[in-house]
């Protein structure tokens, strides 16, 4: 795609209340995921690989971890003289430290939109782990003649999160005829992942109108109420791996799905690498008594114990005779000798002392917040 | 400005490195993969950056493409600088014709203009085929304190090996009074590591003199150092302690790789205060399957390991399928070891494919004639067919199909 | 200087209330100055040229213009993987959008100090235009064995700004024996320009102690009250060009001083270039009726009228028969035919229509805020 | 990935540019200063970036040092990229020896590996000695629409000048049926601008064919284009309108410089939507003194002007002292024109010094014999002594003292 055409706008904070302690000190976008990434890496890398050259990241007051991660934008080649990466905290509206809602946030960044030379905008949340070719999305949007194209997947409803838009009736061309919010359905639905493409002027006029009426729901007042007047299409991304991080349980489940080869193959394609901020760790070292199976491990680990069905982040050390099962250990953790962990999510820098045993259930993983020492 | 760029490092990436055989057929030696996540050049480059040297010229006239590509804009080493940074310097044409680099000294001589641009006080000369971690800033301080013209880093080697090195005889103040290249009767066990600090005015003087000397080999070790010593210049030996390895041969490259998983070797790659930087392949975490067995080894990102790995260094994006067996081997990025294949005491280069049931190399104890043993080497993109075998010490050329 | 030794900390906001409309929408550090710079460019470039590799910029809620200007830090070569430039807004302390005072601000950034590997810190404000070799400052600090070294100049007291520290008695080694705040003196005094060097642990302990006692004046409680217990030295920078921007009048006067060759020679040395964000303007074009004298002009201007004793920023257009005297016209201004300006400070994007006449006095320049159309 | 790097531009920075005499004695032609704030190469490079092409190879084997230095990490052109960016490509040594570039086509041929790395669909070939603003993206669209193998940008020149150019005869669909290099009887007035778009597979095929053709000059204009035409490939002429100037001679370089201050010339450097990027000298604003007189001229930053300047282009950091008089001249960065010196119809190169009362060149109307008139050229770092004079058309070598 000619990067001069489409502007990316990322919502780094949306839904972060769903992740409890994982988002206590960070935005949704900077939640660690899959041994070496942060959630924002997926949409950011996909956008860059699709040729998008200017991306604004809308965030709230807790943006320090996000700034630490995306920094100058260099890992995504977004440290540019023209265009590049822009962090958009709510700094210009008096004492506000939070954008009120999505409409507010876009309205508050009208200046950013106006100063951009691109004619199209693609909006994206950070809580859906998927691999998307935005060029294909753009081509489909152009080919269909749609005013708005929304990416959706056919999957069960996620737990907990509110305001999920379902496409209840879609015609053969892909136009959404009927939609609903927060459907009660146990089975598979066709639901939005909140990646939305439209012309910049259209977004501007819809948001300006909604803002002047004090509307607060983007889904309801910008999408649903315009289904008749605008040509709004659904783009089906079901063939990609899609994981919606709507709760801690969903975080755990989506993570564990990546132990399956076919899911990794979908999410990590050679053609569309996922970039992240590098730490320059050494390769991981496995000692004489290491026993690993069905696990993902990043660089910089020293594994001397047993690790099964687990996801191990950078710089983790597992000592002799320690046993880690069905767990997620974020970066720079330490598991002492004879410690036993089962169904645990440990945030960064967690230190499990020798002999400590902790066990949750796959349907109720135990969560340890950053820096916990047990 | 003076304070920022008063040191320029020049890295002699060298010639074809023919002792590395098929491994350097298509790439310059410093670009050869090493230690799971690295290439050889990452060590001198990271040493430079960690020592506060941000201007590095890399001299090569041989296959610079992959090296250029690897170094790119220098960002992985924090060398994407507005001034300075890392530059690959190939020979060029001036009025009056062009010349290829004749020797190490001539390579620097031809790039005097490059160095002068930064107006340095000191120039550090490095070579591209050694693995070590060294703070050049301390060596430069030592050079300054001694008011030296030239300082050479030295390592104490076992006396019985001294005759394989360039040996420096020094007085009690570390002042060098004699230099001997591979002496039969070494006077000292201080071996030159090929790391030099020169005061730039002195180096320029002797480079120019050497260039005008008929019959000179234009080489640092053979010409520049002896001439300076003869002229009575102040030359000092800077003592280095720690891991240092020349990886100029297949055997030493193999050994140096296995050193990273040897707990008895003094090479700590996890030291956060002296990181070794490298260009990251941007691969997902590695996956170790339910039936895999991995011990005493290093594994890099992007690997899918379903077989057995023991005493081996597995680089990024390697696939080792079920029932494959890899022991005492070095498997470079992107290689594939298919089902049931065996790889023992081997180096398998980038993107090579070892098909099902093939066997590369052998465990020396199992050989009838251990005298004939050696490291087997599979060149990059080579393909070893189903059930085929490659003998110990054999080399398969890049791209060849066996 | 080994950049690994000294950390730079810049106060981008200090004293900005003094500049009225010039700082209505921007920090002190991003006030345009001398045809092509912003005030922060001077300390930032000097630090970088002296080999400092990590610089934190402390700012308040209005930091967008500062972020636009310093961006990724590339123009100063501070877009780095290790170290580099860090903007430090007050984002981690609940709803605060302002650092209360200098002690608060340093205290609030203790984490930044701790994470830095440097052993020394140099603090600097942005409202003193001067050229300083921080290496020389560091060498003097080391040679004197001082605990704290404060850069000062021998010059008259600036108008308006409060809390100016004067070194009333300095011994022959440079140690400050007596100091006072806000001296009433018409003549030359030896006064601080708020560039202060000390070991990091000393700053940390002084600020922590002051903070715990709820002290608010850095000058009074960290400097003055420690004159007997600590070895505090003055470093005399009088030989550099020094302009303290303490008011709009001072902004005008300091700007005009740079029309003198010897002042420019001091501030802009070939050995220590002042870096700024570049706009890639064309060279300035002078038409057949252009009449210029005693003026400074940046790139990108088109001058067809008369300009005298003035400072013209990038992209300014002066039409035929317009007359601009004793004025400062910031970037992208327009002066129409027959317009006459005398003693005017026009902020960015000011448009003076054909025939308009405006005249202030050298002791009372007329100020036009950003985007004014007359 | 495909979408990001499907076009690679290769810029032929060319040989010695000997028609520019002393100006290219120490620097490659594309690095010659132009237009106050620029160097020649800024135009094709900025065109690339503005057209969305972020991978540019610059081919040179002649004095690449200053060019390398000027391009640096590519940041001024926003070409400091993790992938792609700008790379200076000098010849290198491979197994079997090394070769200098034999011709323009051979230079590309030798860098096939560089191009292949980016797996492009299209390759744009540019030359480094033209001043123009052009959207290559539109030309590539035109190329795609025509399903062409090669598209050549053409400019309509006055018929009487057509025989000085490479002339393309086209049908009503802009399809080329004949190419003639400097034809005595031109069939069209469509002159090739030396800007080519090739489908990479086609170009690779013909480069390889050409390389294996005995006696070929390995040149685009002489060999590649005619061979492709003969073979019946689809080749189209892309019509360009606007300012375009070859700056290959002293006279044309001088003229092209004065064009930036000529209101009747269609070269707008203030266009914010098509900026020409350059490496900024980081100089303060320029100062125009109380006694100076500046009219019909351009002045760049860092200048101190106390004398008279009329119809001239003054580059950055130039000093023009009191009572000096500069008319119809081009004064390159860092030059000094001292008190009372006169500079008429001249090019004064970088850092040259014209001492007090000296005179360079002459106003043609004042010459006894206007036939002998020409642009005077003072090489870089040359010094013209007090009261000395340099005749019209004379060239003073770089560094020479007169």
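Before moving on, here are some points about what is shown:
Letters A, B, C and D mark the chains in the order given here, with residues in each chain numbered from 1 onward.
By our rule, a contact is a pair of C-beta atoms (placed from the backbone, for glycine too) under 8 Å apart; a residue touches a chain by one contact, two chains touch by 3 or more.
Keep in mind the model is a prediction, meaning the values are calculated, not measured.
Chain centres computed from CA atoms place D at the largest separation from subunit A. A count of contacting C-beta pairs for B-C and for A-B identifies A-B as the more extensively joined pair. Mean C-alpha position of subunit A lies 40 Å from that of subunit B. With each centre defined as the average position of its C-alpha atoms, the distance from subunit B to subunit C rounds to 47 Å.
Residue numbers of subunit A whose C-beta contacts span two or more other chains: 74, 79, 81. For subunit D, the set of residues that touch two or more other chains comprises 75-76, 80-82. Within the complex, the subunit A residues that touch subunit D are 1-4, 49-51, 74-75, 77, 79-82, 135, 271-272.
Remark: subunit A residues 61-64, 72-74, 79, 81, 84, 89, 91-92, 95, 97 touch subunit C in the complex. Of all the residues in subunit B, the ones that touch subunit D in their complex are 16, 25, 60-65, 68-69, 72-75, 80-82, 85, 87, 90-95, 98, 100, 113-114, 117. Considering their complex, residues 35-37, 75-76, 260-261, 269-270, 275-278, 280, 282-301, 304, 313-315 of subunit B touch subunit A. Across the complex, subunit A is touched by residues 1-4, 52, 75-76, 78, 80-83, 137 of subunit D.
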